[in-house]
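Per-chain numbering from 1; labels A, B, C, D and E assigned in written order.
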């Protein structure tokens, strides 16, 4: 009845689902840096630490950020936001970063990958988180998945990470670990810090996958309940779109970790490789959960369609049974509604009750027959 | 009619089907051990044997368990349950196990894999069994598949196995073989014991697969019987979920066995490789049964839908035929129910029997026609 | 109407379709031989031949069978049936066969494979034949596919073949060729005999595939005829199960032949490799026919469903058209069945014929309209 | 209505679609040549050419064909038809061809492949052409695809080609090129001639693919027109069978060309390899067209089913709307057909016109409502 | 109602969708150049540049174009259109291009590929653009994808590009970059120019993909709206055809870039390889968007069918409910239309109102029941 309102509801549910096409400017020459549209200049945080000390600072310029860089300590520079191209141009100049790598930093989204240069390595990663989630149970259905590109450069004793979005951050635990000198982080070098950062990126997938698995279960239950409707189908479709998007992020992360683990660069120490193998296992696990959810989605779709079908069939069956019972009765009545002069039953004393009885018998017989055939 | 009760039934049938997402604690630093929630400290069983003797003991602490460890004999320490992290920390310390491996032991479920370290090797395996199975025929439908992670470390003359769940155990036959000195077990070293353990893990798949195959056949028969309903669909869906879960366990086991078989570690003697090839064959066989069952599930689904469809079609056909027969008859009756002054048939002496005869002829003709067309 | 009888028919048609799960005894220790349940001790046939002579004999014991084994001649021992484990234990002892290989011989079905040992090679193959086929056209639908494991060991001048089932045998032509010294068989060594044996195993697939292709065509024709019913669907389902089973046998045979062809064992002479390449081609061809049949099965399924659908649609259409024509007519009649005092048409002299004419016109108009729209 | 005639039509349309199972004679020993059933002895054409001269001849015997074979010139012997096994036996004897290769020549169809022997190479190819095509537009639907095995042996200065069917020939342009000394053919050796022959075989696919693409478009248009019927479905099914058959021929041709291109035989000169790479590209292109057509076939199937469905839905909708409009009207009429003594409306002067008006209003209201809901 | 007009509309929408089969002339000898049908002789543009100068010229003949070719500067010759074979023959002669490569230039479409010759390399690429797009939002649905083959030869200091169509050009930004000496282009050699050209070809995919993604979203919204119809299905089908076509172009481009990147030709300098890796990443990205869109297309199809189904079900449900309500009412009325002499209710004073009341109650009861069951 409320077709129009449902339409609006459905359109809203569809949301922004168009796959993000990389903002490569047609006609732009490769190697030319252009600032992304979003916001002001990036926020720059610097952390310098060695076995004995940790220094944290929020600075204004790249030059200030690079000032503490010195052998013996690890310097981690984190940039939040892609707002000001000149910052990245300066960064590239100071650290000798390849222009194409810097272009990949700014032209989001790029496919996760690892590239080896002479004096540094370059990583593109893709993290994910849920946004708009208030109280868990209700909100988990409303929360949307936000994916963000995280680029990282690292050399022997420095790491630069660049986050696409200035809000949100998945590196909190790493900072905490450095401050409190937890684990081996203060003993090890830049490569171990990189491992910790990659690990937090991959770990960030699991809460998202958990939410998707919850949604899948909720949709499956809904598909079986009497409340299933077009909206259920749409929620399922949206979930499948989300799964495609997540898979598109996780799959190249797995490839990237395979490459990183086997990379024979002197920048990655042998003892760090064991740890990278561990992150690789996590990425494979995330991928398997995605694949399992995708297979589940297909079978939930089938269940949905089958239940929809059965529900309609039930309606049609009962209605048709009712119609079928009354049609012969009406036929009997119409016989005795004929105006023949010579229609003996009409004259009978008990004609009317007899016909009513006949009708009852007919109806009862049909009901019995339908029941015996199992249609009712 | 009993929609609500069926709903409850169906929800119950769905059970706990959400894929288990690994309990990686977001924000925790890798390499930090945390006890799983479940239960008390693990039960520790020690078996020491060489060609001449077997000693079995249940001990309280890891140090007690490690006491008999000495060259010349094989020491097998089995821990049941993941309850107390300090036990595992102590174990790691004494045997020099890698922290990441210990973390994998505690953060279940991990993907089956094999990792080689300097002085020992580390295996993650996944076993399966049916639980809640009383008398076989009735219970096989009710029994749920329980999967459990079994981790193993082994060096030159020791093996440590860690079982996720403190109940159930698939190593009984191995223990018996050691006690009774069956086969080569007392002559061979730790690697042969590992082979026996892996073999029992893989062998445990076959009764589970057998039960799934039985269920599949029962569902196929049900799909063809008049009793097929939404519940059949649900049982099929649940079976498909189970098959996905089993496949997710068996597939990496196969990979793991490929790696183990080709591993050039001095910890695995050449004569043991032939045996590992044999377990590998069993894992491939299990995988093939799973794939065959998955393909069967798809065709059972098609049969189910087709039979459902045909059943409804049959109902609709018979009902429509009945309606179609009576509608023209009612039309004839209503003609002679018209009140025209000049309607000559009404005056006829044999008008009424003639019309009844016409009706009989019409009905008979239609039935005949329908039968000739094969619709009835 | 005869639901129950059809049920029985369908269940019978389903037959024994559960995938055979290997009879690995849970809890048994690997390397322990156990006789299969079936029948008495195996029948042992020995053939010894070189360029000049052929000796054939049926012996009672393994020792008698091994007696003629001598350099310079090829000895072929064929065992029919797996009845008595001690026979195989003795065989293994005398020829130095690996216990695991012997276990694979007895625990059928194993996956086809080839294994190389120090002094001999071990092959597991899977042959197939149709059973219960009387007169070809009628019986081809009734015949069931029987698959059988054939194991073979061979050394430099001996070949041992073990057939799972004591009935049936696909080695007749090979025996005939040896007796009549056809081709190179009497000049060549044990490896050429092995090639001939493998070739007969692979050749046995083609009559089976031919029968399956015939069945597929019969089902396709049936799906298009008016006789298509649930039984057609079941025959198709059964055929698909058969195809899955055949594929499961042929696929690893192909792998096995790849391995055998590349095996650098001195037991296989270079001139025999050309022949193995030829058998490999045959196995690939068999596999392609299976895949083609599988693709055909999917499209036959679609045709079946579409034809079923169209048939029902046709029924519904004609019936609904009939109903639609009579409903307005009955409406007209019921108008003149109203008892209004002032209903002028009832008084008209030609009222009745006029109404009958109106009815004819209406019916004719609707039929014409339906025909114009192409619905009838 | 004309079910039986349609049946016959459909069966005729299905034609001979059973996949050709290779005529391997069960029980025959490998290496034994047997003439195929078809026709008389093969027609033998010989062409000898070098830079200066071309000689063409049709000879009776193999020995006559081999007579002109001499170094310095290229001899091309073409045999049309597989009729007489002794001819091939003699050919094999004279040129030292491997018995298994000769067997592959006679036991058609074989899978396309390339085999290298000591002194010669052996190719199995599969060509295709349309047969029964008269005037292009009408006939393209009626023409059937005929596939034919073409085998070729070649050495340093001779090429032998054997065509399965004595009718038809795809080597006309090659002959013409030799006669008129077009391109490099008279300068180059036997390997260049082989390239030209393989090229004509692969080029022969394109007209066939073009016809299939035309048919696909015709079927797609038909699926959308009001003329779509079971026959459309069958044409589509037949086209899909044809595509499977074509793919089965083209796929191994591609493999074969990969092998040929990388073959390190001295029989293939380096400058010929560039040309083989070109034929390889054509084969890949043919394969891509086949795959595109297969994907198109799937989506045409979906369109067909959806259009069929929508057409029926439209019929049902209009018919049901008609029924729904007249049922309430008939109800109103039947109320005033009741015989109650005290039914005041019956006495009214304008009762009849009022009821007619009420009926018009009801019908109009329902039509309006249905239109507003967009059902009509 | 307007079946014929819709037919025409649909056929128009289908457009020219037959896959372009390469215009290989059956019967033509390889290596023979034949001018394509289209247009006059190609337009020839020459650009010569080194660090200091840029010269641009439009010339008439190939010889004039090749005149400025000299070491130390890069000469880029661009030919627009394939009209005159003699031009290409002359080009091949002057630059020593392989006849097969020239044939591939003229016989469009070829599969994208890279081929290495002694003194030059040969690339076949496929670009795409939208044509007929006026104002973006409205036109994006009408614009058709035009694909064009771009062939390129390059040596140490020259590049020749040949565009299939004389209209349109995707090299504008490259020309601009050379003129304004942007980036490294004037410093680097021919290989860097080739990189820039390949980069513009790959970048041209993204606007096309963006349009396809927009169309997909529009179709998805339409599929959910009440306006969805056969035309929606056709738009979706057409989009899927477009995606297949795009995939067929992008997939081999990716392969080609893999080869180019790993090619060990001295014509490609090591510093250019980094840039080729970057184009490769873009091609992979384009491919992933295509795959995502293809998966989306499948789920939009499912949504379309499900929504179509639900809409019809809704219609049928309401209509059937109406029929079911009136049938029992008509039955009641027909009872009191019977002409029995002794039918006491007919005599009652309040019989008529009582029966009307009974009808109201019955109708109300059924409506209530249907609402309770949730069918209305």
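Following the convention adopted for this analysis, a residue touches a chain if its C-beta (ideal position, glycine included) is under 8 Å from a C-beta of that chain, and two chains touch if they have at least 3 such contacts.
These numbers come from a predicted model, not from an experiment.
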### Task
Can you give the shortest number of steps from chain A to chain D, where adjacent chains in the path must touch?
2
### Query
Taking all residue numbers at the chain B/chain C interface, are over half used by both copies (same) or under half (different)?
different
### Query
In angstrom, rounded to a whole number, how far apart do the mean CA points of chain A and chain E lie?
27
### Query
Distance from the CA centroid of chain A to that of chain C, rounded to the nearest Å?
43
## Note on the structure
Listed in rising order, chain E residues that touch 2 or more other chains are 226, 316, 320, 323, 327, 330, 334, 337-339, 343
### Query
Touching chain D in the complex: which residues of chain E?
3, 7, 10-11, 14, 17-19, 21-22, 24, 26-32, 98, 100, 103-104, 110-111, 113, 115, 226, 230, 233-234, 237, 240-241, 244, 248, 301, 305, 308, 312, 315-316, 319-320, 322-323, 326-327, 329-330, 333-334, 336-339, 343, 345-352, 355
### Touching residues (chain side chain C, partner chain D) in the complex
172-173, 177, 182-185, 196, 199, 203-204, 206-207, 209-210, 213-214, 216-217, 220-221, 224-226, 274-275, 277-278, 281-282, 284-285, 288-289, 292-293, 295-296, 299, 302-303, 306-307, 309-310, 313, 316-317, 320-321, 323-324, 327-328, 330-331, 334-335, 337-344, 373-375
